[in-house]
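The letters A, B and C name the chains in turn, as written, and every chain counts its residues from 1.
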Amino acid sequence: MLAYLIRRLFAAAVMLVVIILVVFCIFFLVPKWAGVDIATSFVGKQADPAAVEAVRVKLGLGDPIFVQVWHFFKGIFAGRTYAAGGDVTHCAAPCFGYSFRSEQAVWPVLTDRFPVTLGLALGAAVLWLIFGVSAGVLSALKRGSLWDRSAMVVALSGVSLPIYFTGLLSLAIFSYGLGWIDGQYVPIGDSFTGWLGGMILPWVTLAFLYAAMYARITRATMLEILGEDYIRTARAKGLKEQVVIRKHAMRSTLTPILTMLGMDLGALIGGAILTETTFSLPGLGQAVLNGIKNQDLPIILGVTLITSLAVLIANLVVDVLYAVIDPRVRLA
Amino acid sequence: MSENAEDTVVTTPAKSEGATLTKDAAPGETLLKVTGLQKHFPIKKGLLQRQVGAVHAVDGIDFEVRSGETLGVVGESGCGKSTMGRLITRLLEPTAGTVEFEGKDITHLGVAGMRPLRRDVQMIFQDPYSSLNPRHTIGTIVGAPFRLQGVTPEGGIKNEVQRLLSVVGLNPEHYNRYPHEFSGGQRQRIGIARALALKPKLVVADEPVSALDVSIQAQVVNLLDDLQQELGLTYVIIAHDLSVVRHVSDRIAVMYLGKIVELADRESLYRAPMHPYTKALMSAVPIPDPRRKSAKSERILLKGDVPSPISPPSGCRFHTRCWKATEICKTTEPKLVELRPGQQVACHHPENFEDQAPQDTVLLTVAKEAAELVADEVLAESAETSAAVAAEVAENADSEVAESDSGADEEAGQESTDK
Amino acid sequence: MTELSKTGAAVGEPTSASPAPTAFLEVRDLKVHFPTDDGLVKSVDGLSFKLEKGKTLGIVGESGSGKSVTSLGIMGLHTAGQYGKRKAQISGEIWLDGTELLTSNPDDVRKLRGRQMSMIFQDPLSALHPYYTIGQQIVEAYRIHHNVDKKTAKRRAIEMLDRVGIPQPDKRVDSYAHEFSGGMRQRAMIAMSLVNNPELLIADEPTTALDVTVQAQILDLIRDLQKEFGSAVIIITHDLGVVAELADDILVMYGGRCVERGPAEKVFYEPRHPYTWGLLGSMPRLDREQQDRLIPVKGSPPSLINVPSGCAFNPRCPYADVPKDNLTRTVRPELTEVGSQHWAACHMTQEQRERIWTEEIAPKL
């Protein structure tokens, strides 16, 4: 088990380095090959050549590629110093550079916004796991019943309706219409209840989409597992049906759900762009959207790296949980 | 040595019936020759996929298949019999050794080089459910070999396919039906029709009847028999069921952990098996006769399971479960030698024959444990027959050497006297 | 579930009036039907037999003959955990040690499962839970029916593993099913099914997935354990060799019905049903001189939705025209006694069958 864990961690570290390399290439080298000058896009098209040149020197865009890569790495792990003539800026680790537009360091922007997105993703995940999985299990156990069919219709609509529709609908009803919920985002540090109030609609809307998917998967998996020989064996031992379901069938059903959860959580942490935009949440998704609009490379790059890291960690956690659930995985 | 002995046509009991139609190889001639065949599947581990070991699926086997005969291959799961089947049809690439078909080395032929041979060598698979494409009609499935080979038979593909369907006992009208409309036995017939489409010389059948019900098994076994008679086919039939193998085969190879431990004609093998594993295997088959229920003592129960083919035991691979194993079995691998005409055995202490390593008499501890599971009568009987046979062989060998100096006889004689 | 079993009992109406059984296990007119889109699948259609403690009954038949469905029916596993609307329709009577199971409270039947009656399945790898250790699964089986702590139960599990011949049971108890070989898994399965000393053990194709040398070990084990525990055993198989090894009585099933039933010797040496002859003729045998040809049964097993009228075997029977008036195709033959404790369901007269067996079939086997 320990060896398995170490192997996984090592693989994750290697993966991280590869991701940083790839991301660097996409953001710094591809524009160069495409003939787009990053320095120009930083300063603006009307700037005088001297200013452009100064930026080029300061960001090290004129250096050989491997030097740029090295500085980039060094920036992330140890911090780096930008210098152009007398203009010296030190950027402490982890350094993701400075926004082209606001000239703020990227890292604090990320750390500001990360908790919002994390809160959104985790809260929604708790909701969709509880409702999605139990609806799926119930549907499987009452296959063909009215409950099963109506649950599956609801699930189908949940999968097919986009967030901006359900989100705006819920806002229209609960916030503007009934006035139950304020709908303004409040940081958790300021007021816990305020935070809850602001998050409840985004959570429910996001969870609705995912709960629908999870219900369908759970139902299908559960039905398959219930047909397994070892479930028949459990019954042949004289176990009560609820124990058969709880102890024998559920554990197997959870395996594929866990895999999905890992990937979904990772992706959501990278930014639930639609949800954050619909509910005006100041999360990573919103940041990256603004970054794209403003051609603000460092922000996009920072969010991309954070997202990759999140997916990586989520997968690592899933892998470890997998090994805990399924002993056969430990061998592989 | 044994190979030489086999080459001489004089001593080999050729099965001539029905082999009249073969064009190239005359009945009894060697159609397929396998020498030192090996297949190791690498086990890779870790991030860099380093090879940390290998599954010794087939680990150096030699045999020949003669035109018109049926060679049966038996063994338990993991003995490498299916891998062997895939190697000789070149569905797998051998790790070492050679496969010769009609005298031509086909061991390392590429896809293009194998194409003409695919007409001559065909395979029938175990599972009639998964080996037929459910989306294709029977006509398409059975006619596929013609299309792949770019051959148009006389009278067109459709006529030929319908003829084939009637040959294997299916209704030619069912040309346009799909596999799911047929029962298991019928699907196996479809598989056989497909294999026969290009008039192959050699048909390799891997567990052709083991997925079928008893009454259907008999139908398919009889069909294979009839087709051999009519078309002069040569079969290699791989199966785990010893009764089926005995019924269909002329000669039988018994495999254990990637090796052939005994290769003999059917009569000798079943009347007087020489390798202890063969004997144990045969005694384990439940006999459908309730009156013999009490005669349980004849049964040799083997201890434990077949060892892992990743690190097979040293020396004789059966020594960890054999009740006759001595030191030499642990250290020296016995060669497959022809102890009696038509019966090759790889054993230091064969049953029903003179001991090949009489100086080595101290049983291994594992052997003593294994012997506890073997009834005393069996042990006593085996010792008796071995002694009797030894005496007889010695006598025969003397007289043979004296009176005959022709090929195989002499060789067999020398072999016995050598020992 | 409950409703169905009750209506089931009502269908086989003479039940309440029929005398209480004397045998340990008695099955009377058992029917198990499954509604499907294509029609009603009559997997078991009127099966009756008796079994005493200490005896072994072999149920022989090909796939789809209803032998496995019968065993699951006795265990009550068609009704337990049937979700969805299409439930199996079960009728008839199953008397186990004086209790009728089909009309009993399902929870009472559940308490009998695993304790008084238990089962071994064909494929031990899929029948054991992949995520729990062998020990955990045996401990669970024991603690359902015994109010003991986990330690005691684990000791019991180790004891059982030792009894079924698993080396180093105190270590192997913590292994998972995938870490065992096929034979070891089946031993573990047997240990689990015997942990509560059941009086009825049903083994459904217990050796079909195993190699022949391992099969010999397992059959030997089952025989020894039966002697030791004195339980009644039902062994379900398609292999006549396996039944001949173990069974005292043999029941041959075809198309969901019993076509012949009797002591093993009678069924093997004086079979009185053409299907039994067919089975015997289909098998190549190691204990006989080499036959030239096998004598197969022509055709394929019947569809259980449209079972042929009259005798289900009539389309495949070479002697279907022997009885007069097209009887085989119109009237379903009932089991009639053809010897002491020996029944067969065939329209041919006793004399005709005796003559055909001794003159036409037996010499060719």
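As a convention for this text, a contact is a pair of C-beta atoms (placed from the backbone, for glycine too) under 8 Å apart; a residue touches a chain by one contact, two chains touch by 3 or more.
Note that this is a predicted model, so its numbers are computed, not measured.
Taking B-C and A-C together, the pair of chains sharing more C-beta contacts is B-C. Ranked by how far their CA centres sit from the centre of subunit B, the chains are topped by A.
Centre-to-centre spacing of subunit A and subunit C amounts to 55 Å, using the average Cα coordinate of each chain. Note on chain placement: the centre of subunit B and the centre of subunit C lie 34 Å apart, centres being C-alpha means. Of all residues in subunit A, none touches two or more other chains. On the side of subunit A, the complex with subunit C involves touching residues 140-145, 226, 228-241, 244, 248, 251-252, 325-328. Only residues 62-63, 167, 181-184, 211-217, 219-220, 238-247, 264-265, 268, 278-287, 290-291, 293-298, 300-301 of subunit C touch subunit B when the two sit together in their complex. Subunit C makes touch with subunit A in their complex at residues 72, 75, 77, 80-81, 83-85, 110-115, 118-119, 121, 123, 126-131, 133, 140-141, 144-145, 176, 178, 192-193.
On the subunit B side of its complex with subunit C, the touching residues are 76-77, 183, 185-186, 213-219, 221-222, 225, 240-244, 246-247, 266, 270, 280-293, 296, 299, 301-302, 304-306.
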